[in-house]
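Note that chain A is present in both complexes that follow, paired respectively with chain B and with chain C.
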Partner chain A sequence: MKKKKMTAAEKNRALWGWMFITPTMLGLIILNFYPIFNTAYQSLCKTGDFGKGNTFVGLRNFQSVLSNPETWQSLINTIKYALIEVPFGVVIALILAVFLNKKLKGTSIYRTIFFLPMVCAPAAVAMVWKWLYNQQFGLLNNFLGTKIAWITDSKIAWISIGIIGVWSIIGYNMVLFISGLQEIPHDYYEAAEIDGATGIRQFFHITVPLLSPTTFFIVQTRVIGALTVFDLMFMVMDRTNAALQKVQSIVYLFYDYAFNKGNKGYGATLVMVLLIFIMIVTLVMQKAEKKFVFYN
Partner chain B sequence: MENVRTRDRVNKIIMYVILTFMAIIMLVPFVWMVLTALKTNQEAISVNPFYILPAHGWHWENFGTVWKSYNFLTLYKNTLLMILFRVICACLTATMAGYAFGRLRFPGKNFMFALVLIQMMVPAQIFIIPQYLMVSKLGMLNTTFGLVFPGLVTAFGTYLLKTGYQGLPRDLEEAASIDGCNIGQQFLLIMMPLTRSSMISLGIFTAVFAFKDLMWPMIVTTKAETTTLSAALAKMTGQYSSDYPAMMAAATLAVLPMVVIYVIFQKQFVEGIATSGGKL
Partner chain C sequence: MKKSMLLVPVLVMSLMLAACGNGTSADSGNSGNSNTNTGNAGSATEGKADNSGKTGSSEAISVNIWDNNQLAGLQKIADEWTETSGIPVNINVVEWDSYWTLLEAGASGGEIPDVFWMHSNTAQMYMENDILLALDDYIAADDSINLDDYYPGITELYSSGGKQYALPKDHDTIALLYNQEIFDRYNVEAPTDDWSWDDVYEAASKITEAGKADGIYGYAADTSNDQDFWYNLIYGYGGFLVDTDHKTVGIGKDEAKAGMEMVRKILTVSTPQTIVTETGTDSLFQSNLCAMISQGSWMINAFYTAEGAANYKWAELPYCDVNGNKTCDEGERVSAYNGLGWAAAANTKNPDAAYSLIAYFCSKEGQTKQAELGITMAGMPGVSEAFASAFEGMDVSAFIKVEENGTLFFRPYSRNSIAWSQPITQAGALLDAWQNPEDPAVMATACDNAARIMEQAIANE
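And now, the complex of A and B:
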């Protein structure tokens, strides 16, 4: 590469540039880039007592993580959670967004209500839902007249957790959809109206394709978000809950090993597995984007 | 034409019914939380679906009891300090870096910005163990610094502000430099004030996510007097697990400040979180 000589003004500008990015770059290196390599290194180490004295053990952690059925179960649990949260969270939010985009009266009140869970600590939200799900005294069983063990029956506990996830995220997805909808030119709908297309046909032939970049963006961020879920499982499932095994996510398992059991090496390995998994998912989604998303 | 009008009216009614139904589902947990908090435990566990309101007086003292036993004043203070410093750090570092990436030319810029993007793509859990070890080695466990630590800088905020600065017209700086402003002055006096809305978005976004954070406060605080609202709630479920009014009172106290602020500044909140989220 040929290096051009910089003029004084350019040099001055570069100096300012470097100065302005220094705090951020220094922070990123210390807080994020060093940790990436450190986590990778720790995943190759056996953690000594009290987290001291790491000894290099090569891939032995990976061996024990990958041969532990608990790991695979937690991966399956995480995927199952994502399979509830993402599709339902996206479809319900899309429907609500389309309604709220129709300039009805009271739109802003509805929007305020739907968005409310977004500003609430998941810890508190999960506590409330745990109380609603209470088998003996919970509102849900009392209202439905049932005796369902919402969070202790391993067959349905993952659905119950998924419902909390959907409830929590609808408002956020909805707001993103609304801003996507507002970018669709109004003439398309007017033309369709003249052609006599019904609301539902307009939805599938205009809204869905033209909104696909927004939809893809939401799906992509929500998939990553759902695959790193932790708070809901941690708050709702007691450690003595028999269904925990069938619900705990991979990040839950990571937290448990790294910070409850003090096995940082094993925890680091779990998070490396998560990283690889998320990279694969991201690649698949990038491929899907080319196929399903309509950019004009 | 008459047909179309009735069809529109029917559609409208259907939409309102669905919207209202969903609004009720969204609100029921909050309503039940507050109502339970006002009952005695006896009332809370009485098995009757129509027993909605507290019958034997509204027990506001439940709030006082958890307020004292969990020292909510300290929890509010700790959470507020964490949020405050994270917002200040995020806005300060991101606006500078965003300006440099968006407006200035310097060698290594593309490489550095690639690092910013990489940080955004990696799941945050990968940073946690080393970050914890650093805080622990610095002897900063159970301090506000420890709580703020991962939020000292923000890759996402840098990206957000960079887009904000790029959207400003070119001639602004030229006019300023003709007037004899150096780059620092251009930044401080002209450019930074113009990205106020991006900065507010980033501030709200940072505040809300700091407020919601659970894992990091649990890791770096071990004492009740140094922890945050979320982490304190996590401890509470273990101890108070059968005193439902107490738990619901605690949950109410934990969400209340943010909900009140949200209701007052809802437009900024929705826009702040959505525009930030939408640019991720």
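And now, the complex of A and C:
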């Protein structure tokens, strides 16, 4: 190690530096790092009751998780959910943001309305939707005059759940897009207008490319968010729902094994598999960033 | 100099840790509360108000239960105990599904309520891992408690390795609930105490046929209506789900399949499962959309206080006409019974007070009060008569009659029943048959699948 005398002022500064990062560091170590390593360890164990008597079994949990068709089915379910939530959540939010970024009367009211779902507790949102979707008494079937089993028919249940996801996330995406839009200099639009570009051309040739850093950020965080979805399935689908197997996400499966069936080791393995999957997806997206995202 | 520089963050860290420690414990208390709120919107405010008033006292005894219907009555008995002991009691309701998740997480982390309910599903696991306080010494020194007074099945359930870990809180039986108004409307004879499940099937098919236009069905049952429905038919037809050794699985055997075949027949004239899973049998019944369900005595209060209670009537649990002679012979009327236990945490700060509260609930006096207040039937025989008259205007004697003229079997359990009790109600097992009740072969396969799931789960115990 290189020995270099610090001056009093430097020491003082280093000291304060330590003090300032301590709270965050502690939070990360206690709430994030320790559980991550503990989970990784548990995935290699046959766990005992109440966290006692764990026995090391090597990769046996991974073997049974990966050979269980249930795992792959729920991974597919999760991806299907993400395929609804992310594209629709982004596109609808972008369109809304472009409209609400204009100087119109009542924009702040609309912004508030669209952001409201974000303020509601996810559990409450899911409960309300559960009743909207109800086959017999639901508002949706009442309005449409149909008898559709929105959440018990496995062919459409995943779409119904996806719609709730899109509805809840639009407001959040929209606010991010609005802040991104406000950073685009107005000169570009003026120049385009003088050159005779229509609103739609302006949108695709100025707004979309200049907004791509924001879009990328949203897509990346939402993909991760969608892959870890749990509360919607948990609140909306009853355990005896026949469509559950075709809709349950991988985190739901984790919850079921770790907390309902008390098999913590198997549950830990499931989240490790999900973690690896998300890492791969993120890596691919980081590569794509260089190609599609435009930083000026 | 360098050392002292490191020392400061460490000091700060340890300070923060201490603060964190306090923070977490307060937090976990709160999260318990919020759980109550989501689970039972109705009682949430009540429970919360109680807590905020009493959290100031450090010696308060915390109690967890899962049944909101019993909260008011139990709090009343607990308050009487507080009058003599001077120790306040906070009762928290955590709905059934979250109850076990919360309790297990709490037990792993060493933070569980002082006193709480135990159930046959999990009791063995909790007893073996020293989570529960052994009560033997207290019972020996206490004149008000004699273990021989209780139903033997329940006392046995809560003992392990020669030690008693919980006292019987109550016991329950099953009866048939029907809506008189629907029977009158479609001119179908209402159920009597002499009905067999075949009669239920006949009546249900008439009502389902007549009520087609109104969306009314004769019967409703989900796969999760186990103890209050299909368990009883398995045992009624001479089968068993888990034998009394708590290891041997019987749902794949012929007798059990005969019972499930009767279940299947009834399902063909019942509310379709997709509707049942979305709305729930109890809600369907209370919305006047189905004429009959079977339910346990723990649910009486929910129907007693419901809007249409005047039309709701209880009949004795139908018998299984195994020999087909149209009379109820010995052993053909069979009802499941189960009993909760009052247990205390092994690490409670005040074991004397915790036991004293349990003993107050379980003494003859407390048990009688529990029956009189209409909370549940008692955990000891001979005190439940008061229960029958607790519901003015509603005849609930069906639950008590079945004990005299029927056979009771204890709710089947193994060491960790949770590992199979839910999976067998899902797709790949019984749910397949509920989805497609027309085909007897599907039910038979579903039973075999359920047996396989159970055998595997029990082998892993």
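As a working rule, the second predicted complex is superposed on the first by the 288 of 296 C-alpha atoms of A that agree within 3 Å, B and C clash if a C-alpha of one lies under 4 Å from a C-alpha of the other, contacts with A are read in each partner's own complex, and residues count from 1 in each chain.
Keep in mind that, in the parts below, a contact is a pair of C-beta atoms (placed from the backbone, for glycine too) under 8 Å apart; a residue touches a chain by one contact, two chains touch by 3 or more.
These numbers come from a predicted model, not from an experiment.
> May I ask you to decide whether A:75 touches chain B, chain C, both, or neither, giving the answer as first, second, both or neither?
neither
> Where does A:94 make contact in the superposed view: on chain B (first), on chain C (second), on both, or on neither?
A:94 contacts neither chain B nor chain C.
> First (chain B), second (chain C), both or neither: which does A:262 touch?
After superposing on A, A:262 lies in contact with chain C but is clear of chain B.
> Please determine whether it is chain B or chain C that touches the greater number of chain A residues.
B
> Under the stated touch criterion, which partner chain does A:23 make contact with: chain B (first), chain C (second), both, or neither?
Both: A:23 reaches chain B and chain C.
> Look at A:223 in the shared chain and tell me whether it touches chain B only, chain C only, both, or neither; answer first, second, both or neither.
Touch status of A:223: no partner.
> Classify the contacts of A:86 with the two partner chains as first (chain B alone), second (chain C alone), both, or neither.
The answer is neither, since A:86 touches no partner chain.
> Which partner does A:199 contact after superposing on A: first (chain B), second (chain C), both, neither?
First partner only.
> Looking at the overlay, does A:242 come into contact with chain B only (first), chain C only (second), both, or neither?
In the superposition, A:242 touches chain C alone.
> If you stack the two complexes on chain A, which partner ends up touching A:45: first (chain B), second (chain C), both, or neither?
A:45: touches no partner chain.
> Under the contact rule defined above, give the chain A residues that sit at the interface with chain B and also at the interface with chain C.
In the superposed arrangement, which is not itself an observed complex, chain A uses residues 14-15, 18, 23, 26, 30, 51, 123, 130, 134, 136-137, 238, 259 for both chain B and chain C.
> For chain C, which residues count as touching chain A in their complex?
Where chain C meets chain A, its residues are 1, 5, 8-9, 12-13, 16-17, 20, 38, 101, 104-105, 107-108, 125, 128-129, 131, 215, 222-224, 273-279, 287, 289, 416, 418-419, 422-423, 425-428, 431, 434-435.
> Where on chain A does chain B make contact in their complex?
Per the touch definition, chain A meets chain B at residues 10, 12-18, 20-21, 23-28, 30-36, 38-39, 42, 51, 92, 95-96, 99-100, 102, 104, 108, 110-125, 127-132, 134, 136-137, 139, 142-143, 145, 167, 170-172, 175-176, 179, 199, 217, 221, 224, 227-228, 230-231, 234-235, 238, 251, 254-255, 258-259, 264, 267-268, 271-272, 274-275, 278, 282.
> Can you list the residues on chain B that touch chain A in the complex?
Chain B reaches chain A through residues 11-12, 15-16, 18-19, 22-23, 25-30, 32-33, 36, 44-49, 92-94, 96-97, 99-101, 104-109, 112, 115-116, 119, 121-134, 149-150, 152-155, 158, 183-184, 187, 208, 211-212, 214-215, 218-219, 229-231, 233-234, 236-238, 241, 244, 247-248, 250-251, 254-255, 258-259, 261-263, 266, 269-270, 273-275, 277-278, 280.
> Can you list the residues on chain A that touch chain C in the complex?
Answer in residue numbers: 11, 14-15, 18-19, 22-23, 26, 30, 49-52, 123, 130, 133-137, 149, 151-153, 238-242, 244-245, 259-263.
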